[in-house]
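The next block holds one structure in the form of structure tokens; read it before the comments.
Labels run A, B and C following the written order; every chain starts at residue 1.
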Amino acid sequence: MTILEVTNITKQFGGLTANKDITMNVEEGKITAVIGPNGAGKTTFFNMITGVYQPTSGDIKLDGKSLVGLRPDEVAKKGISRTFQNIRLFGEMSVIENVLVGMHTHLKTNLIGILLNLPFTKKEEASAEKEAYRLLEYFELDHLLNEKANNLSYGAQRKLEIARALATKPKLILLDEPAAGMNPKETKELTEVIKRMGQEFNVTVLLIEHDMKLVMEISEHIVVLDHGEKIAEGNPEQIRTNPKVIEAYLGSAAVH
Amino acid sequence: MLQEILQSLPQVLVDGLTLGAVYAVVALGYTMVYGILQLINFAHGEVFMSGAFIGTAFFILIMGMGWASAIPQFILLIIVLILTASITGLVGVGLERVAYRPLRNAPRLIPLITAIGISFILQDVVRFIAELFNGNYIVTGPSLFSEQITLKASAISSIFYDARFKTSFLIVLGVAIILMVALDYFVNKTKWGTAMRAVALDRETASLMSINVNKVISITFFIGSALGGATGVLFAVQYGTIDPYIGFILGLKAFIAAVLGGIGNIRGAMVGGMLLGLMEMFASANLSLLTGGVFGAEYKDVFAFAILILVLIFKPEGLLGKPTAEKV
Amino acid sequence: MKGKLATFFSNKQLQVILYSLFIIVTSAALYFSQKSVVSFLLLLSSLLILHFMNLKNVTKWIVALGLLFILIPFASSGGPAFQSYMEVATMVGIYISMALGLNIVVGMAGLLDLGFVAFFAVGAYSYSIFATSQASNFMPFGNFPLGGESFWGFLIVGGIMAAIAGVLIGVPVLRVKGDYLAIVTLGFGEIIRIIFNNGDRPINITNGAMGIASVTPPEIFGMTLSFPNQFYFVTLLILMFTIFAVLRMEHSKLGRSWKAVRENEIAAQAMGIPLVKTKLLAFALGASFSGIMGVVFAAKQAFIDPTSFTLMESFTILVMVVLGGMGSVPGVILGAAVVTILNLQVLTELTNWLNQLSLSGVLTIPDALSPAKMQKFIFGALLVAFALYRPKGLIPAKNKIFDVKKLKDHRPDHLNNDTKENSIPIDKVQV
């Protein structure tokens, strides 16, 4: 079943066309990757899906409902969560608080409940804290729960971003270069986590990644962007042997 | 009603241009610093105020010397302008060193807070010195360029009244225009001006191109503060009486002018300054008339802030600025 | 030696004994002396010491309440300076409450508001206009001035009015990015003051620059409150409410959303936090604390005019927050207390003392340098020094420490496969 349906989206910044007429689908439960050389427009593509940018034309649908015109927080409420290429944690807050922020939309309490510390607020807060802790355990960050997010190692910060994104209980999670800056061991661990995550959290994964080994290993479907346009799409094997893709990455000399 | 507005128009234009010229040059200081550091140099209004005091002190000092009376007023003005601008320029450089440079990587709230602190310190130090030497912190400088000139606007058309001004009006306007043209030339045509623009665009890359970023920032502060100080002198000449608190609101207005023109854009600051000066004078002359006496001239500051808010909401890049999007 | 000293002071019993001794000595000194600012300040500082003591939170609160409600007013009542002590203490309470309000905006949500005093003014004017005959100038019905009992209702009205003002200002302002916000709020602060200053035309609502005099004093159970020691208790009660409210908010969904917006707007939005709504709420709630205290201030002074609500007041409150520690509730309380006492007592005392020295010819200090006039310089120096060397303030903000044991114990739905819709089905994996 298609969970995300992108049709003919184009994004122009002044005279510059960052994305041109991209159409693609993300199938529920399958890991989909968007790849392409630097500057191919991958992050712009993510930003349009998450409402940070509005597409100049075209439509984006989640479960058949259009996301165009929604603010990022509204998109998040519809069930799309994300991580960022340049890590954007809440640096001065503790690790567990970062995850708790991710649960924001699922906490139903209101001002009165908070001020009077009503039983239902207390209960909700306590169970949210426990849930957050379990997420940290899953990502092996539980021993760092009271640490400031800023003080974490790079790899741990990347993992925390994913944990925080999962805390919003998304249907679709967008990972923007999750392995960037990680060492081989961390990348390997991350690969395992992403593979398992989909099933265990009941979430569909869409990722941007430069590490081809990781992409080829975990993706079931790959979309290739170059100069803002989709140049190929298919399973890892098809992409590996697609001459257009090789040309985009290595230049035309490699093909001929 | 239209007739009354038209009658006062020549005077409004004259007053508006004077005030606008002052705003424009002070706005340059805000815009240059913002362009390079993305920082609102809150203390810039106080640098302007210090300039007014330093200039007045020089006038009093020089004119107190007997032989100095032989110097033509105009030469005297140039000497005082240069001396004052050099001093306030150095004040600006020192300010950046002490209060902003150590905080370049701090959260953005922090340098704003030091800027406010520096403002207070400058205000109080000037007050203290003025009070110590003068007995009162409100200082009246020597009267210069005070011949009255009448602009015979009524000769053009009978719907206008005549406008009256002092010669100092011409001086203020003339010097301000010279300063602005010189700065525009410096920024666009010289080596250091190019370096400044490069640092404003991308500090990291500029430093890779062997531009000494710290030096460029110091130069920016020097020029901005020197211009601010020089305008202070012009202000003192034009309006006569100064106190340590003139810089704050005037600085704010100049900042509004910079935003109006497009912050970071040097020509924008000039246009914004002139425009704001004219609009403010127009408002203070006609607000009461236009609103049937409900709002009087007291609301002219409200008017300036209203402009700021409208610009920020509807055209945050200003009249001459280019829109920017934050990179995610 | 140092180690021994450390163990000596970490001994709980000893701490308690020394602390009690300190309180007894200072309160006795305060009670029996004619006027001793030093012992008054020392007694107040016992609250600060309490904060750092190694005691349970509940114990600390009980001791603090005992000190504030019983011991401090009693010990001050010994000499003729009783009312002046209470006056200072009341002002301290008013400023702490305002600073806590501003702390929500600046410290937690990271929005630099330089026009905060406007909300204080809104609160003060809401009560003053209706508690004098001023309201009859524009109200078609009703009998003004309202009686002193209305004060209690106006505490809420003032808070709501200030919150509404906060939203009205916030709606246009919060679309503006970062640094501009400081300037725009400063502008709004001035605009509100100018409006109050000219609000005598075309309809006389605020009585303009003349101010509003003879504001009806509050009344409760037929008793009229007009002395500082009475207002002290009113202020204290409201302050306690403020502190509890702020602490609750800080560690709730709300406080976290403010901090998230402060730390990274884009990420906060991606987590489903609506930016404008969250900032507006910070503005409105911060403003309401200020508005409530505005009502108290107006009733206490019985006279208000626009000069009480200048830019300088806004900056003073900002200094309190920066000095104490942005985002830190105990820090801001300390900051507000220090700045208010500095303003009201230390600087005036110092000026008097220097004047005496000058009179007796010991040394001559030029009038320009008198400490009472140096307020701006002192504030400026404090702001710069703290921003440069201690940006987190006297008592830096701390994150809540979560107890691992509590998080691990009694896991709900641990062995339960039909998990609630809302919970993350991790346990399926772990089992």
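We adopt the following convention: a contact is a pair of C-beta atoms (placed from the backbone, for glycine too) under 8 Å apart; a residue touches a chain by one contact, two chains touch by 3 or more.
Computed from a predicted structure; not experimentally measured.
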Partner chains shared by chain A and chain B (touch criterion as defined above): C
Centroid comparison with chain A (C-alpha atoms), farthest chain: B
Averaged-CA centre spacing for the pair chain B and chain A, given as whole angstrom: 48
Mean-CA-position distance for chain C and chain A (Å): 42
Centroid spacing, where centroids are CA-atom means, of chain B and chain C in whole angstrom: 36
Residues of chain C touching at least two other chains: 266
Chain B: positions in contact with at least two other chains: 328
Overlap residues in chain A, where contacts from two or more other chains coincide: 52, 84
Complex contacts: residues of chain C adjacent to chain B: 106, 110, 112, 114, 172-173, 175-180, 182-184, 186-188, 190-191, 194-195, 197-198, 201-202, 266, 311, 315, 318, 322, 326, 366-369, 373-374, 376-377, 379-384, 386-388, 391
Footprint of chain C on chain A - complex, ascending: 50, 52, 71-74, 76-77, 81-82, 84, 88-94, 96-97, 100-102, 104-107, 109, 111, 114-115, 117, 121, 125-127, 129-131, 133-135, 137-138, 142, 145-146, 148, 164-169, 196, 200-202
Contact footprint of chain C on chain B as seen in their complex: 38-40, 98-99, 102-103, 106-114, 116-125, 127-128, 131-132, 248, 252, 255-256, 259, 293-296, 298-299, 301-302, 304-305, 308-309, 312-313, 316, 326, 328
Interfacial residue positions of chain C with respect to chain A in the complex: 245, 248-249, 252-254, 256-257, 259-260, 263-264, 266-275, 399-402, 404, 406-408, 411-412, 422-429
